[in-house]
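Read from first to last, the chains carry the letters A, B, C and D; within each, the first residue is number 1.
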Amino acid sequence: MSTHTTTPIKAGIVGGTGYTGVELLRLLSQHPDVQLHAITSRKESGMPVADMYPNLRGHVDLCFQTPEEAALDQCDVVFFATPHGVAMEQARGLLDHDVRVIDLAADFRLQDVETFAQWYKMPHSSPDVLKEAVYGLPELDRDRIRQARVVGNPGCYPTTVLLGLAPVLQAGRPLIDTTHVIADSKSGVSGAGRKAAVGSLFSEAADNFSAYGVAGHRHHPEISECLARIAGAPVGLTFVPHLVPMIRGMFSTLYLRILPDALDTDFQALYEQRYAGEAFVDVMPAGSLPQTRSVRASNMLRIAVHRPAGGDTLVVLVVQDNLVKGAAGQAVQNMNLMFGLPETTGLQHVAVLP
Amino acid sequence: MSTHTTTPIKAGIVGGTGYTGVELLRLLSQHPDVQLHAITSRKESGMPVADMYPNLRGHVDLCFQTPEEAALDQCDVVFFATPHGVAMEQARGLLDHDVRVIDLAADFRLQDVETFAQWYKMPHSSPDVLKEAVYGLPELDRDRIRQARVVGNPGCYPTTVLLGLAPVLQAGRPLIDTTHVIADSKSGVSGAGRKAAVGSLFSEAADNFSAYGVAGHRHHPEISECLARIAGAPVGLTFVPHLVPMIRGMFSTLYLRILPDALDTDFQALYEQRYAGEAFVDVMPAGSLPQTRSVRASNMLRIAVHRPAGGDTLVVLVVQDNLVKGAAGQAVQNMNLMFGLPETTGLQHVAVLP
Amino acid sequence: MSTHTTTPIKAGIVGGTGYTGVELLRLLSQHPDVQLHAITSRKESGMPVADMYPNLRGHVDLCFQTPEEAALDQCDVVFFATPHGVAMEQARGLLDHDVRVIDLAADFRLQDVETFAQWYKMPHSSPDVLKEAVYGLPELDRDRIRQARVVGNPGCYPTTVLLGLAPVLQAGRPLIDTTHVIADSKSGVSGAGRKAAVGSLFSEAADNFSAYGVAGHRHHPEISECLARIAGAPVGLTFVPHLVPMIRGMFSTLYLRILPDALDTDFQALYEQRYAGEAFVDVMPAGSLPQTRSVRASNMLRIAVHRPAGGDTLVVLVVQDNLVKGAAGQAVQNMNLMFGLPETTGLQHVAVLP
Amino acid sequence: MSTHTTTPIKAGIVGGTGYTGVELLRLLSQHPDVQLHAITSRKESGMPVADMYPNLRGHVDLCFQTPEEAALDQCDVVFFATPHGVAMEQARGLLDHDVRVIDLAADFRLQDVETFAQWYKMPHSSPDVLKEAVYGLPELDRDRIRQARVVGNPGCYPTTVLLGLAPVLQAGRPLIDTTHVIADSKSGVSGAGRKAAVGSLFSEAADNFSAYGVAGHRHHPEISECLARIAGAPVGLTFVPHLVPMIRGMFSTLYLRILPDALDTDFQALYEQRYAGEAFVDVMPAGSLPQTRSVRASNMLRIAVHRPAGGDTLVVLVVQDNLVKGAAGQAVQNMNLMFGLPETTGLQHVAVLP
């Protein structure tokens, strides 16, 4: 419960039937400064949200509404938990009503509209809004997010890879061979969403492990564009995502070749300093082995830095909950910044373990 | 490898893209007396079966074919691993070409066509074929199966409940209160098939347990019809199926009230005698606690008989692999009987544990 | 964060290395009116709690302490998350220092010391404390818990069975045949605790389903004693627990035979009325099918009432998180009552789904 | 069933209570040319094997015996499914009775006894036997295995990494930068064995993903020694193993930097040619994405070769069942070679999917 007497933030959600939608509802319904105003789903309009998501019974009384009924332009902020391509159609109209927009899909992640068109198989319909949109990774761009009217919430994989690489790329001197960075990433199945697809069936995904998207994954250009921005030059990235038989959780193992001149770097200290004061990035003590469950249902991302046998390969291990820090939690973190709230408001849930 | 010089059985499969289809392929491709002749799927025609099911690479060279290409009337036996309603359309034509038919769906399970129509939402289109069809539970009706041209392969739940109840119902004297029999059954998710349905998604079914079909399940009338046949009178059954976060496996816990006059019965002995000599029913020693994994990927069904605190409630525990003894394995067992082979041919795989 | 200016409750935990211990820590560290004072583990003394449970990093700064260091007699309340037999040794000493005691093991659950000795293989060492102990099921005995100095926190299975049966047993007139009540219960593996036991290994429990304790389970006498209390006479119970390959979650399917004179009862209404106003018991709408994940990591227990085919068998479905409402959450609920706080304080987390 | 009239191979197993033990029993009990002679376990002596492993009921009638009772010197071959250090104590005695030895632990894997002592914390007690021992990876050293009296069966990880790298290292010309080879490997939990360890508990390993052994893993020196042998020079390897919440299955993702002069290599063809004719190595078509379940319970290992965006990084994906090709199946494959049987005898089980 909130103690302040300030007016709560009126929040709307477009397309709340998927996993990022229900996770937003879980977080926002417990957020002390938010009032849930509306949640839309044309297909499910009229159905109580809690009928689809029984965990919300007693916490969320809203019904799904059509966009017409929802009066989203009365909101302070609207989250898009929709397929790619929806937010860019509606953002301009909301901005004109002074509504902030946070898109959990890809519409405002890539500044390069051609890359967007290539990977998402549609032209970008709102390049002017895109221009003012900010990539919503607070640990990299907090100040711009505070001022933003439109935020492109990062993809789940990019969040782990970018936060795992930023310290070595922003160190002020060359530390690693940026022509050959390897990100071997592993995701729980909820990353594929609530869409009925054969590959996401229990009997297909359980007791099984596989790679996918080896020939190309949409998060690759997103990571690359951001890496270039923070490194000041293109970074050569090999990115291989894998599917893990677990619901939530994401684990990225990054392999970096340390430059000969940088072999004396104290990488543990480098990472600790880079993220000192960050509420949601935990650089674990040297030698730690992070587990995805240590962040389950929380907004924390944990990093461990290793250098096997003291050699010239740096191994960075990064874990997060793909639905929280990798999606809905980060969106709320961005909202907090955009509305001048303490960044951690409503996001301090302890991870659920076991 | 088979040692006989006899001509192999030419087998066809209609609709082999689902889990019972691939399981039939796994079993038949290792069966010493079977030659796989064709497998049909209109939708996937032309695709190598092993592309869809990579476990079959190197074992099955067939491609899916359209029914027209498949020339199923040249088979000795055709298995239908199709949705309900397909086999009854095609059985007559195959019989006319002297092809045996084994349907793994429900078309030939229920003799009462009205009950069929009520539960499967379609009229029975082939009542004359139905009349000669035999319910394919070998341990209950072996001799008739040997003579059958058409077999309705039992549902997975019915196999466990019927084999778990047969000894007390066929004992020759009243042993239990047949007005209140309770079957609390639990199934792995593969029982729902390979259909892309939200409820079968990994992220929905994993780390979760639920009941379903409490108000009514299609296997209920199937069990009831058979129970009436073997008991000689209607049996009052409460049947509640549940979904377990595992791929394969089925567990039925049966609760029976022992009649006052039958309290001195040695139920352990009764079950052991009833199934003495059965290759695929294992009555475990008194006190045993069967596990589904003890039959994973095998055609065995195991039973344990308990009488808690020596009271008047009999608890019967039954496990099977729903895809083998509960579907494809039992179909092969029926085929063996229909073609005069030893019943265990091609079915003696040891269960995979762990 | 709490808004009150009252002194927080100083809480201690004895034996916090198990799953109920870490779950207590998760809940208490987020409770607005609690100050964690100490957590003991002789074996792990000196180790930061967050090293064993990395989800607590940043939330709990305590180290495990020896009982000597912990100064538990300065607490307002001490939780015992210990093996059976520990709390009864230490309760008297704490009471003498005006410390409230909540035992999550079995020491104060059974009033019959002979039954205790028979099932827990040890004599009860503190029968005088036992006499004043209250069985901590708030929905059944809220007023006595408010006054209690010692609470025996219920077992996980008993919570589901007792709350599932209470409405029909407390209806004021005979509704069901109390000589033959059946509870078919299913538990996630965390119920077995964090003890290294072969049967709880991933490779043993995953992709598997089994029954256990059919010949007798410690929760049986606990349920029976309470049932007799609320029904005013012994209730004949058959209780069969099963192990589900999931971490958290408990599901009890109860089968009750409705008495001929009670066939006109509106059981849905009966349950809704019985639990009207209860914050942690959710009687779902008629026809509902509860899922364990709908209460994952929350203190909610959900009930659905069915009467298949309108017959004389009542099927009651009950779900809870075995570590929350079945253990640590209920303990905190009891603490809230004992200290005059609103019963829901610190317990309103939305369940985590998916 | 075998058709030959030759005397069966008498096989013994030392220490058959673990997962490699039961898997050996599953395979050997279905092997047409093997007679199971004895299985030892001092701790479980007298217990029927099928009581511990109910999947073997009806297939294996043996009881565990003490080594004294087992008369292993009458065997033709003895498998050691024991902890490290046991086989090297007993091998000499068996060889003196003309018994072949196949050790599934590490005693005869490393030729360098100092490396052995360093990683296994014990001196090698039988260096003379070690000298004649052959590393049992048939696809690399088939001819020597045929002549061997003692075989060190490879570790599970090394099997995937070595078979994944052999084609590029044995190509006859330099293809990759051998100073920086990366193996990101993932294993199911059964790889940790049946030992009661907290980290292998269901509630610890399920719905979780973690790395381990980043600072050093025993399979690292084993891989390195073999890589040096086949490459003719040391290979710089970074090896990071991870734990996947599945029972069986292993997946290695290998990252190799192609040398500038080798960029025109057709790696797909290279791999296909290298493994042409191999029964248990399946080089999948270009673009394939192997899944561990495609080899579940089978002796097959599948490889896919990728070159993302046609660049200079080669990504090799390798899957196997860690208990079969990674342990017991490979041991049987070695036995077949040692006794002049067709290499595939008893090993042609189709993988179990789903």
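For this structure, a couple of remarks:
One rule holds in what follows: a contact is a pair of C-beta atoms (placed from the backbone, for glycine too) under 8 Å apart; a residue touches a chain by one contact, two chains touch by 3 or more.
Bear in mind the structure is a predicted one, so any value in this text is a computation, not a measurement.
Comparing chain pairs B-D and C-D by the number of C-beta pairs in contact, the larger count belongs to B-D. Comparing mean CA positions across the assembly, the chain most remote from subunit B is A.
In whole angstrom, the spacing between the mean C-alpha positions of subunit A and subunit D is 40.
Put simply, the C-alpha centre of subunit C and that of subunit D have 46 angstrom between them.
Chain centres here are Cα averages; for subunit B and subunit D they lie 36 Å apart. Shared contact sites, meaning residues of subunit B that touch two or more other chains, fall at 19, 188, 190, 194, 203-204, 206-207, 245-248, 290-291, 293, 296, 354.
Interface residues of subunit A, counted against subunit B in their complex, comprise 19, 188-190, 192, 194, 196-198, 200-207, 245-247.
On the side of subunit C, the complex with subunit B involves touching residues 180, 182, 184, 186, 188, 203-204, 206-212, 214-216, 236, 238-240, 242, 244-249, 251, 253, 255, 257, 287, 289-293, 296, 306, 308-309, 311, 313, 315, 317, 319, 354. Subunit D contributes residues 1, 3, 19, 22, 26, 29-30, 53-59, 190, 194, 206-207, 247-248, 282, 284, 290-291, 293-298, 300, 302, 323, 348-354 to its touches with subunit B in the complex.
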